[in-house]
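Residue numbering begins at 1 within each chain, and the chains themselves are lettered A, B, C and D in the order written.
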Amino acid sequence: MRYLALALQYRVGIILGLTLLISALVVPGFLGLTTLNLGLDRASTIGIIAIGLTVLLIAGQIDLSVGSVFALSGVVSIILQPQLGILPAAVVGILAGMLAGAVNGLLVVGLKVNSLVLTLATMLIFRSIAHWITDSQPVSGIDIMFSLKVSQTYLEIFSIRSALFLAAIVLLHVWLTRTIPGRNVFAVGSNAVAAKESGIASGRIIFLSFMFAGGMAGVAGVLQSLVTNTGSPVFGSELTVMVIAAVVVGGTRLEGGRGSALGTLGGVLTIGALTVAMEFQSVPAYIQQVVSGCILILLVVLDRTVHIRPGTGREPARAVQPITQGGGSA
Amino acid sequence: MTGNKFILAMAAAATLASAGWANAKTVCYVNAADSHAYATPANEALQARAKELGLEILSLSQDFDVQKGTEQLNTCVARGVDGIILWPLDPQAYIPGLARAQQANIPAIIINSPVSDDAKPFLKSFTGPDVYEEGEMAADALNEAMGGEGSVVVIAGQAGNGTTLGRVGGFMDRLKETGSKIEVLDTVNADFDQQKALVMSRDLITRFGDKIQGVYANDDTMARGFIDAWKEAKPSEKMPPIVGINGQKDAFESIRVGDMYATIVQSPAEDGKLAAETIAKILDGEEVDDRLPIPLTVVTSENVDSVEPAF
Amino acid sequence: MTEAHCALDMRGITKTFPGVKALSNVNFKVKFGTVHAVVGENGAGKSTLMKVLNGTYAPTSGTIHIADKEVRMRRPADAQALGIRMVHQEINLVPDLSVAENVFLGRMPGRMGYLHRSEMIARTTAILEELGAVVKPRERLGDLSISQQQLVEIAKAYAANPRIIVLDEPTSSLSDHETAALFRILRKMRDDGIAIIYISHRVKEVLQIADEVTVLRDGAMIETRPISGITSAEMIRLMVGRDVSNVFPKTPATVGEPVLKVENISDGVHFRDVSFEVRAGEILGLTGLVGAGRTEVAQTIFGLSKLVEGKVSLNGRTLSIATPADAVRAGIAYVPEDRKGDGIIPEMTIRENISLPILRKLSRIGRISGSADRALAGKYVKQFAISPPDGERRINLLSGGNQQKAVIAKWLAAKPSVLILDEPTRGVDVGAKAEIHNIIGRLVGEGMAVLMISSELPEVMGVCDRVVVMRDGRASAPLSREELSEEKIMTLATDEEAA
Amino acid sequence: MSDLVAAAESMKKTERFTRANWVAELASRAGLLIAILAVIAYGSIANPAFFSTGNFVNVLTSMSIVGIVVVGMTFVLVVGGLADLSVPATIACGAILSLGLQPMIGPVPAFVVAIALAGVIGMLNGALVGYAGVNPIIATLGVGTVGLGIVQAAVGGVIVYGTNPASAELVKGRILGIPTVVIIFAVIALIGHFILSRSYWGRWTTATGGNYSAAQASAVPVRAVKAGAFVITGIAAGISGGLLGLTLQSARPLVGTGYEFSAITAVVVGGVSIMGGFGSVPRAIAGLIFVQLLTNVMVLEGVRTPVQGFVLGILIAGAVGMDAALRKRGGG
């Protein structure tokens, strides 16, 4: 039982380790700097969005619109390049993502509606706006050389994207574990009533979490657009599911109150490693789907059915679970 | 120069990655999807032909997700493969990746869909059918069927999708180019989905009624949706000429019974085969043309019995 | 005594809710540097008074003075700003944070957002040590036992350096050792000049710790006295203070064979070794302090929580009950304590609520017989005089008493042989209370076996035929009507030696 | 729709405590009816082609397939199960099997097998959500991903064509001038409505969504009821997929893409609470009718596809916002 509990606690690490081990055995030449570089780069888009979503999920909310925000920010950052120049346009793109997140946050906190349905709606809205402003045509940036620079590899391991992702994960880890606002996010997600009674402004925290999630989706979208020199309204349509899966595999609870940056890193890397390994073996996409779906189900079922700590009483005071019970319970 | 160092690093990485691999040349094939009516037979043909030619194919599936594809292109470059076959889903987004491939001295070709001219310097060849050309051929066929004038509706695929862009763009440009008097009443996006096409066609028929004198659908699946809608709405009236693309079996059937005017056959097997052969030639150091089309055949009632359907 | 020593002065506080006067003209004064106990039965108005004090309720009339200044509090945050801290009986902490973070929730030490964790942990350690609590500051709160969590609640209030601290039944889940430690810290806090308001049922503890005691009864302040001038018997008399026999008319019934028999049951956590039997035509009372394990016993019999040891039998047949559905099939019904949480489906009508447990019996090939459904609801609405007399009314629009009648009706419709009632008259006005007692009386008259859980002594005394008292998860031997006295029950419920 | 009429009637009978409550109640119950009428009025003025039998039959036919899913999804939302995201996989399963098995076992058994397997997917969802207590979003997402992967692996890229034209004719035909799919949809909607509002299972479903622990304490087999909602949705999506396959006479693995969102949209716009415990099949279908009529008008008016998505998004946001506002006021 003790070993099981321990195993469960570090399940992300174990799954990641297993993935790497099996990959190394099956895929020739898997262990190497190239793979590391690749795996990181492949994971970084999902990872950067996952950082935002980790915070949001810990706060007990969800955002299905990140894929659309990803596209919208990218489009904005490309379409404004001729007027503003590359970097200012990129900043505006990220701001657009934050704005989109702020809209989500404002509606969820202000109207006290369930974030699941609300962001389902804004997912449609933001995607439509991206189509609207581009007339459904992909738009291309002004300087292709810049794209090449952005996607260069440094020290044989990092691209700008993956370095940014890793740095952000470290920052997120520090923020979540070492700062007062970070801890307050946990408090709001775990027991909003208790948090509120202790004077924590839960509404503001939720709003800012949405804005952060939107901003991170914006960063990822802008980077993607810079790397490909293209802004397309169809980008990122498959991303949301992958990101949520990565975060949940990383042990962040969908109902809020639990989660960690390192777990998310583990989840993201697992998915990255899995993808790269399976692609190296030319495993068809649908089999990849089956594998990642099974891992997801396995992990959440384990999480639900095996209780880590035996013998302790039930959890105190019913925690408010906004995702399952609606956002307006304050 | 950083560029040199970059290439060096890449080369080192490539040796590292390919260590332990068989001596067979490895070609990275970034395909559109694994499970798709056209893509699957094309993939299979490509694989089979490559095997005959002694090439190892590393097959990556984009699953119609451009973002995934651009990253897979990086995977290919980093893997240090000997050649790349790309199935582009967007005219622009792959250019940086292709440029990186060139920096790493990996020859790349694209199949099935064109990319913008900016990409030309990074590509050895473009093989297979050209979705843009298909659009043009569809315009010609419809022009012929309607005698150069009348009003049509266009049932397009997903908004923003590369195939859609090519097939709609080619069609529109060709109409303009030839000075055709055909007027497009409306373009709707039915996402290559028969049911969606059916639903939208119902509305189009309600809206325009007999003003619809011709239909251009981005693929035969959606053409079929329009046919069904027309039969529901106006069972006794003559079907307007419909032009589709792909050359599916059931489209042939529709042409035989007169429900459809034409489809454009592109053979996925030929498509895949040609790509494999082209990359093999390039790897052997041969020069290839920068455009290697596969035959596109316009199928009408005249030749429907002599042409093989694509799938 | 100078005025400056007066920490809290509540003058003429009246609080009315629609239809109920919860507090009437209460004057309540607490001095700095004292422990002031507030005692009273359930429903005497203690919790309402405290909710007025912490800003949850605004008083209908009356004024509140803190340290001689009149204050107005609109929300709990206002009270906190004035240095008032509450320790609720129900734990309201964040399970996913550490102990230290809970202690400093909303006030974590730090600079520019960066958490001074070591300082926080050091301070928490110090506080916990003072409290004599064996809790590690880094531990996740959700992993602690309830009593440990209770200590964290107290530590949290203490850490805020309050001027006035209110503790509501703080010892209900503490061990003797922990209680002693708590008293030590309370005395220290008192000596630091903090005003401590101590709400408790436990007369013995009150005598031990308090400097002054205020007795509330029926929403009115009865008396405030220094502790030296009062004995335990006197205190209980003041709390009870009414002629019991007139309020609860007991209808005589013929007691028959044992129907429900529980032998040595335990659930492994909340209670152990509990045995009793309920006979046909009798009301067995199950009383004790909140947290003594009464509700858990009932829920275990009903299949809502797991029976770990022991045997439950009905009419001589041993039952194996895993779910409430099993219990209903066997003939057991349970009217839960938490009406809002477990009793009613708020969005449904009275009719739909009443027929819920026996829907299958009202149905043929899956279809609910509309007429049978309506007839059933109509019958009980009429019989129980549920107001408004309209079965199609959404149940959450009814008053508490009428909701409770509907919940009882729901269970009678299932025609059980044993009816378990958990605090059936809590939060119900006087009129509805009498009606509910009448209904229960009628039922036992018809030969039903009733197990009634109640904290309200007059009710227990007036209604029950025999009474089992629980304390800390253990049950006493049943007291017969002749043996019953409030003092005796109180002693059994609070006194360590007697149980 | 009878629900709405009944609602209007009961409005008159029941007096309310406050005016605000009364307005909220009216908005909640009659709002959708008014909205539908408004769209019809606008459509009729804007486009002469709109107000015609032909167009209305078209709208009905077009919504029938997704309508069947809506019936199932209503159960999921009412029971408090948030949403079933595995619908695309289930639909694909229904469509591909009902066509693919035709040559081997004949059209009717193929249809039955397809639905049965869809039911099995539903049971898997139900087991995860109802019994293991997994969050429905993650559970159905996982099951859907795996299911779709298996379907794709099974058929590869091949389009599965129908081999039995008679069955296609049956589904595409009309009975007394009404398209067969519409009749099938109506029958399923009636059955769904009957189960949800007249059967004990439906009452249990509403009770479980309304107050899980109270339902449990009232001897309702809450776990089974919760799981059941997903089974019902699975079966509904299976039927939907089967019919889709038969009408189109072709099926691809991605044939069901987007149906889950369309269904959720309709149910939410219909005023069924995402938090559970409240809602009915007629409400959900009224929501569907509204969305479909609106889309119809937009297409007839030549509104571009992206704009349509925009309007739909605003609509959902508005609907949930209103639901939240009404809930607060309604004192639930």
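We adopt the following convention: contacts are C-beta pairs under 8 Å (C-beta built on N, C-alpha and C of every residue); 3 or more make two chains touch, one makes a residue touch a chain.
All values derive from a computational prediction rather than experimental measurement.
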Original post:
Taking contacts as defined above, which has more of them, A-C or A-D?
Top reply: A-D
Subject >> Chain centre separation (chain A, chain C; CA means) in Å >> reply: 44
**OP:** Compute the distance, rounded to whole Å, between the mean C-alpha positions of chain A and chain D.
**Re:** 30
Original post:
If you average the CA atoms of chain A and of chain B, how many Å lie between those two points?
Top reply: 33
Original post:
When the centre of a chain is set as the mean of its C-alpha atoms, what distance in Å lies between chain B and chain D?
Top reply: 35
Original post:
In chain D, what residues contact two or more other chains?
Top reply: 152-153, 253, 305-306
**OP:** Indicate the residues of chain A shared as contacts by at least two other chains.
**Re:** 131, 136, 233, 284-286
**OP:** Note the residues in chain B that touch 2 or more other chains, in rising order.
**Re:** 33-35, 159, 189
Subject >> Touch relationships between chains, expressed as pairs >> reply: A-B, A-C, A-D, B-D, C-D
Original post:
Which residues of chain D touch chain C in their complex?
Top reply: 10, 14, 17, 194-195, 198-201, 203-204, 206-207, 210-211, 213-221, 277-278, 331-332
**OP:** Using the touch definition up top, name the residues of chain A that touch chain D in the complex.
**Re:** 62, 107, 111-114, 116-118, 120-125, 127-129, 131-132, 136, 233, 241, 244-245, 248, 254-255, 284-290, 292-294, 296-297, 300-301, 304-305, 323-328
Subject >> In the complex with chain A, residue positions of chain B that touch it >> reply: 2, 6, 9-10, 12-14, 16-21, 33-35, 57-61, 63, 65-68, 70-72, 74-75, 78-80, 90-97, 99-100, 103, 116, 118, 158-161, 165, 189
Subject >> chain A - residues contacting chain C, complex >> reply: 178-184, 186-187, 189-191, 193-195, 197-200, 257-258, 309, 312-313, 315-317, 319
Original post:
For the complex, which residues does chain C have touching chain D?
Top reply: 302, 304, 323-325, 327-328, 334, 336, 341-348, 352, 355-357, 359-360, 362-363, 366-368, 370, 392-393, 396-397, 410, 414
